[in-house]
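Chain lettering (A, B, C, D and E) follows the sequence in which the chains are written, and residue indices restart at 1 in each chain.
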Amino acid sequence: MKTYILRRLLLMIPMLLGVSLLVFVLVYISPGNYLDVLKAQRDIPAEFIAKKERELGLDRPWYMQYVSWLGRTVRGDFGESWSYRIPVIELLAQRAPATLALSLTSLVFAWAIAVPLGVFAAVYRNSIFDKLSALSAYAALSIPEFFLALLAVIFASQWGGFPTGGLSAIDHDYLSPVGQLWDYVHHLILPTIVLGIGGAAGLMRVMRTNMLDVIQSDYVMTARAKGVPGNVIMFRHVLRNAINPLVTSLGFAFSGLLSGAVLVENVMNYPGLGQLIFQAFMRKDRDVVMAAVIIGSSMLIIGNLIADILLAWVDPRIRYDK
Amino acid sequence: PRQKLKREFPPLPKDVDITTKPPGRYGGIYISVDPGGGPNTFNYLVAEDATSMGAISTVLEGLVRRNAMTEEIIPGLAKSWEIGPDNKTYTFHLREGVKWSDGAPFSADDVVFTYACIYDERFPNRHASDYSIDGKPFKVEKIDDLTVRFITPDIYAPFLEMVGGGSILPKHALQKFVDNGTLMKAWNIGTHPREIVSTGMFRIASFKPGERLVYEPNPHYWRADSAGQRLPYLDLSITKFVRDQNASLAAFATGQSDSENVSPADVEWVRRGEKAHNYTVHERGPSTVCNFLWFNQNPEKDKSGKPFVEPYKLKWFQDVRFRQAVSYGINREGIIKGVLFGRGTPLWGPETPANTKWFNPDLQKYPYSPEQARELLKQAGFRWNEAGELFDSAGNRVSFSLNTNQENPIRQHMATVFKENMKDLGIEVKLQLLDFGTFVKKIGESYDYECGMLGLTGGGDPVGGMSVYLSSGRMHEWYPNQKKPATAWEARIDELMMKQLKTLNLAERKKYWFEVQRIMSEQLPFIYLITPNSYEGVKDRWENVEIPKAGGITWNLDEYYLK
Amino acid sequence: MPSTTTPLLQVENLKVHFPITAGLLQRRVGEVKAVDDVSFTIERGTTVGLVGESGSGKTTIGRALIRLVNPTGGTIRYNGKDITFLRESQFRPYRKKIQIIFQDPYNSLNPRLTIFKIISEALEIHFPAMGLEQRRARVAELLGKVGLKPEHMDRYPHEFSGGQRQRIGIARALAVEPEFIVCDEPVSALDVSVQAQIVNLLQDLQEELGLTYLFIAHDLAVVEHISDFVLVMNQGKIVEAATADAIYQNPQDPYTKRLLDAVPKI
Amino acid sequence: MTSDLLHQILRRRAGAFCLVALILFYVAAFFAPLLAPYATSDQDLTKTYHPPTGVVWHEGQLAVRLYKLVDPTCAKYEAEPGQFAPIHFWVKAPTYHFLGLIPVSHRLFGVEAPARLYLLGSDETGRDVFSRLLYGSRVSLTIGLIGILITTVIGLTVGGLAGYFGGVFDSVAMRGTELIMAIPGLYLIIALRAALAKYFDDSDQIFILIVVILSFIGWAGTARVIRGLTLSLRNRPFIYAAEALGQGPVTILWKHLFPNLFSYLIVTSMLSIPGYILGEAALSFLGIGIQEPSTSWGLMLSQVQDLKVFMLNFWWLLTPGLAIFITVILFNVLGDVVRDIVDPKLKTQV
Amino acid sequence: MTSVSGPLLKVNNLQVDFGSGDTVTHAVNDISFQIRDGETVAIVGESGSGKSVTALSLTRLLPTPPAHYVGGEILFNGRNTLALSENDLRKVRGKQIAYIFQEPGTSLNPVFTIEYQIAEAVQLHRPEVTDVRAEVIRALDLVGIRNPAQRLGDYPYQLSGGMQQRVMIAMALACQPKLLVADEPTTALDVTIQKQIMDLLRDIKVKTGMSIMLITHNFGIIADIADRVVVMFRGKIVEDGPTGEVLRHPKHPYTRALIDCVPKLGAKQRRLRAIDHAEIEASA
């Protein structure tokens, strides 16, 4: 396993090279560049645009740009955001904590409701509870995220109790440390729910199905024969066998921890990385895009690796080294 | 538990500017919302977007200011100025005793420093070309500590507004960045707010990227009321940044913020909350957004020798009767009534009525009239078949595709209505909604499109439109970058545009610009559509709210106080 | 072409080791020498019995022979040809010749397939010319041979008793018409009557078709009955190898002796 | 086998109901040009945000109420008492080429202009929401099915083989999926769009392209999950048994692994249907989805993410959401039924 | 707590069906038998005759559907387990009646170590044990697993068939039940281990008075350990009596035929005897 992990980590290097090259080319061939917005303004003279183009190196062929980008990046310098004029790393670091917090809470939220609900839906198959939970799951899946966010905003503004968005209250700086913490949490609740619900719905149904597949196994009968209490059977003996696809998807979820959720962040005015990166995509702020891609890919690869390790852990029959 | 905000009151400067308004009371927090998503930078030379510019101009005053209501130029950091007889020399007399927010004195050195930075080759920035004529920079000289002189290489009509209003940078704070060549990196969004010194009514108290910007009063601000109270009255001014209008609108409608731009379709329901939450939705009249479409009249060929536009189609597009027919065929009133709940204004020329100073109301108009459109088409040699489809004299079906970008729902509706309206005339329009980058590339580089639709925020001085109206202009969309004007009327526009640039006489400038507007409305290279009206909801608790026709409503925020 | 004198199967110094791992990261902490340097041969048309303590490596040998586990070392010759490290595709032709009856009947039946599908799969692979009707007939015949009824064909594995499942496994192995069958405790879950029926069936087939068996079992009476030659395993090694008679009459190894002593009497 | 499945579905009440309802949906989608009173692009700028017209029995025939715009500033309509327009059946209308071939110049029902029949109200430009829903269902009902078909097939093959073979094959295949997941979809889409720009006039081609793009991005995740499940199944004795029979890997995948993954696959596929319906709308934002004035449920829904819809109670604009919801329920309940049918342990109990 | 009067287990007219309608199988058809305290009852019978189903029915372990408890009652300590609530049943399972299942390969949870699975039983039913691990090691040692301490971390798939079976046995014994239901507990075990296990069972029986319901095909074991034999044939009990009696003087033709079929070590037969079902039906 150690060699397996090592090999996977080593494989990261060509992977990242491949991804970066590919994305670089994609950014290049997709129409327009960072200067589009300037070009669309009527009072910007052409010479200034040309000057900017030279300054940003956009006038050179793409492979030259890539080589110089790569050279810099390998030395640990992710470059500078063109629109913010600060190092990309600083820019990302500014927003990362908020995004991380939101992603983590929504992930935990999704799992914390999906797994038990899925288990109970399987246990009480065809009961009213099962049907209701199925219906709500389908509803959650059918409502686009932005709509859910919008509903949350309406809810918050009409009924109060929750802030309509943002990361912290206006008087945040004047609160006690505990108050500040609570303030953050308070602002996290609605976005967490909005983000978590969609994911939870899918997870829950998958959980239910897999539970149904496993629930009839002979070893469940063994556990029952031993006199193991129902919940323990479900949440330990069955769950462990049924959780495989969820573990795999945890790997993807991990990769999303830092990329955030653009729609929800936008609607709920949550200043996270998702917003920033999306904006960078749209603005074609290249170095930000590239850094986001590199970080995202690394997270993905590592997330998948962790998922694979976990997979072998929850299911000892899985072996990678042949 | 909000701490009591403490304010210091250093002595007023000698040349303090006294407001004409009756004195008010201190206190209050003003919360506004900016849909731009927050500033990208606080660096005057770097800023390219409106939000950043707005934040910078709040803290960095110019030599002159503009009264948004009267559109007059009024004194700013300079208490007065003279224009030399050559119309190229401007001498500004700075206020005495003005200090930066950190207490450092403000002087002519700061002005000279600012322009040195702008013209510095190491720091390419957009102002450098704005503040040059034919590539030649202005001369900026310090006469004494409180006097500076500008000399322009040629007569430059919008000097006072454009240059005089430009921000002045603090030499004492920025010199070190100039010396080590990192000026472009200075004053970024990571910079500590205290380092960003101010000459404006506020200085920055705190900035949370993507979230909000908190301003606190500049203790050294150079304006006061007649009772000797230093402005502003506010304790804090907070700008929240949003990406999505819905949330901020919902917040405003439930009384959680002080002002909000309300779109026409939302006015009615937002007004329903006026009583309950003590705000008023003010109508500001037509907005400055100018929506128009145009046909690609570029007769040139691409690298492979293929014409940008099919020659037979180009023939239609170049025919003014065709363009006028199209304009008659568009149901502008319908769009306004249906889509905008009646809250919009049809447009006939480049300026919207919001630009009171430059708007020419006397243009050729094209009210919805399919009959007139058919008449014109008939005159131009077009024919209909029995199914009502339109053909040109050579027997080609009249059909073209309309390109626009997706972001704006109102524009999308205009596109579909246009399509339907043209169908009534027998013209087939295909819609292609593109992402912004692709669209910009099409209209600005590859020219491989037939018809485009765009919305531009206009307003301000006609000089801003040079690149649009000059036939050699980059944004002369229907046929950009012409070597020499393709038509007589384009040549005439070129001439008028140059003339208005080279005179300081407002009446004369107006005359030239009005004629340009008239030519545009007659020749219709751009077919103007509509502008939605603009509405601003403001809480009733503020005194001195003055809402101008165009521009931000908080231009005189320093005079706001709680009723 | 191998001469008729070469034994069908020659196993030399076969070793199969399994790693022992621990922890989340599965550190390798040791290994189980499941089969440790084992050699034997099986002549064509004979039955070799394999007995031994539970966990001594019998199943592992069986699995190694048909390449379900990869040997750690040694050689396996089938018909004189070294098949130890053939690639899966090269080994494919041997799949028809060598079959296995699994010790664990239920786990080796795909829970989602009907008995018909499970057995007819073998026919599809090795007798592609057969039509559906023919296959159904053949499956019914095979089921009959192992004492099941044709109407069981459309049931799923979980609907059978333990002994019935084991018989399905036997039917599947027989369906291929192999030359050599590794029988891993094929009759241990059967009542004595069905057991007799199966053993007789295997013997009949051997006589008719000249099949060769490696017969793993615990019931010494059955092993004695069916085997020409018996191997006794203990802790991964073969401790005694002799003809059936010799072993039962005159056991040499202490373990063999213990084994014989422990047989309960009615 | 399939007829058996069909039979089994029809034997269950929920299954039969869902199947019949879905078939009705598809038939309606297919015959949209006949059933819809108006074309997708038909506007009436004097009747924007018109509420659903009440259908009543009037003077011996079905008729719709007529409405008057009483407050244009908030699109408030009021029924005019005593004013009706009779609904006619098989009415003449502008010719439409059904399937691009057969000219159809009638609609199943309609009212005489200038009255308008808005069964589900009208939108911002006075287009009939009901008609648009019908036409939109053509895209929305097919996109999910084709999408999951493609993702499942690719995901199953790649993931299944990777899990089955393990080792180098696994490594290569999984790095491939990682590559696809790592590339930001947005850029991929924009780049593909640029590369395939010349096809963008034809709406059928756009549609296929959308499906392909969505599936291309979507299969990687499926493949990884399938691989995880396969890894776990791979070391089960019954797979050994199949190998011992000399079964080839692809057949093992298909005959042995697939049935064991079926529950998972059917449920996740059905669950991913709304993703496709809504994802298509996101593409149209980038100019490569279904474009105005053509329509789809996702597009209709994404166009009403607006507070006024709630505040002025234009509830009928949300009907595409309801349509999606109902479709999703139908597919998923059907999926559950099928799942139960193929589960041998549940099969014996009806 | 055991009633002095009645037997520990009394099964009356039990009937268990699978499926319904025209596809119904009567797996267990109207059987009655009883097991007294400390008694070992062997159940033999044809493969598929309903032995396992009977065993599983004792604590209602069969999933319903597809199984249906159509009739009869199962009195354990005087209480009808068929009528108990799932919760009360849970208290019976393991603690009172423990199982050794026929197919250890599927009856062990593949994702837990054997230590965990045995320890679970210990913790559930013997809270007084403080060193659970030591107890698990002891249990494994008792059933003859070599180096039990090193085997603790193994997963079921890493064990040989016989070892899995012994883990099942260890797990059942760790519960220290009143009644042990052993469904072919030694099929995968070689005779030495088999002997060891039987000795172990006998020991425990003597020490704790545990009753055993032993399902097996091995007449040697029956002779060795069983007090009474119940013979099943096609879902019915055809014979029930003391071991010696049944083995020596089988009454039912099936029993007779079955005993005749037992292969004997050293007996030189060319063919093993199998039962001719027609013959039995004729003579029964």
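Odds and ends about this structure:
Methods note: contacts are C-beta pairs under 8 Å (C-beta built on N, C-alpha and C of every residue); 3 or more make two chains touch, one makes a residue touch a chain.
Bear in mind the structure is a predicted one, so any value in this text is a computation, not a measurement.
Among the remaining chains, those touching chain D and also chain E are A, C. The chain with its CA mean position farthest from that of chain E is B. Farthest chain from chain C, judged by C-alpha centroids: B. A separation of 37 Å divides the Cα centre of chain A from that of chain B. In this assembly, the C-alpha centroid of chain B lies 43 Å from the C-alpha centroid of chain D.
In this assembly, the C-alpha centroid of chain A lies 51 Å from the C-alpha centroid of chain C. Counting partner chains per residue, chain D has residues 190, 194, 235-237, 305, 307, 345, 348 touching two or more of them. Shared interface positions of chain A, i.e. residues touching 2 or more other chains, are given as 30-31, 150, 154, 216, 218, 315, 317. Along chain B, residues 246, 250, 437-438 each make contact with two or more other chains.
On chain A, the positions that touch chain D within their shared complex are 7, 11, 15, 18-19, 22-23, 26-27, 29-31, 134-135, 138-139, 141-144, 146-147, 150, 154, 201-202, 205-206, 208-210, 212-213, 216, 244-245, 247-249, 251-252, 255, 278, 281, 289, 292-293, 296-297, 300-301, 304, 307-308, 311, 315, 317-320, 322. For chain A in complex with chain C, the touching residues are 1-2, 5, 216, 218, 309, 312-313.
Those residues of chain C that touch chain E in the shared complex are 18, 20, 22, 32, 51-60, 103-107, 147, 159-165, 167, 185, 188-197, 199-200, 203, 218-222, 224-225, 248, 258-260, 262-266. Per the touch definition, chain D reaches chain B in the complex via residues 41-43, 45-48, 72-75, 124-126, 190, 193-194, 200-201, 284-287, 291-293, 303, 305-308, 311-312. By the touch rule above, chain A contacts chain B in their complex via residues 30-33, 36-40, 42-48, 51-52, 55, 80, 83-86, 90-91, 94-95, 150, 153-154, 156-158, 160, 164-168, 170-171, 173-176, 179, 265-269, 271-272, 275-276, 279, 282, 284.
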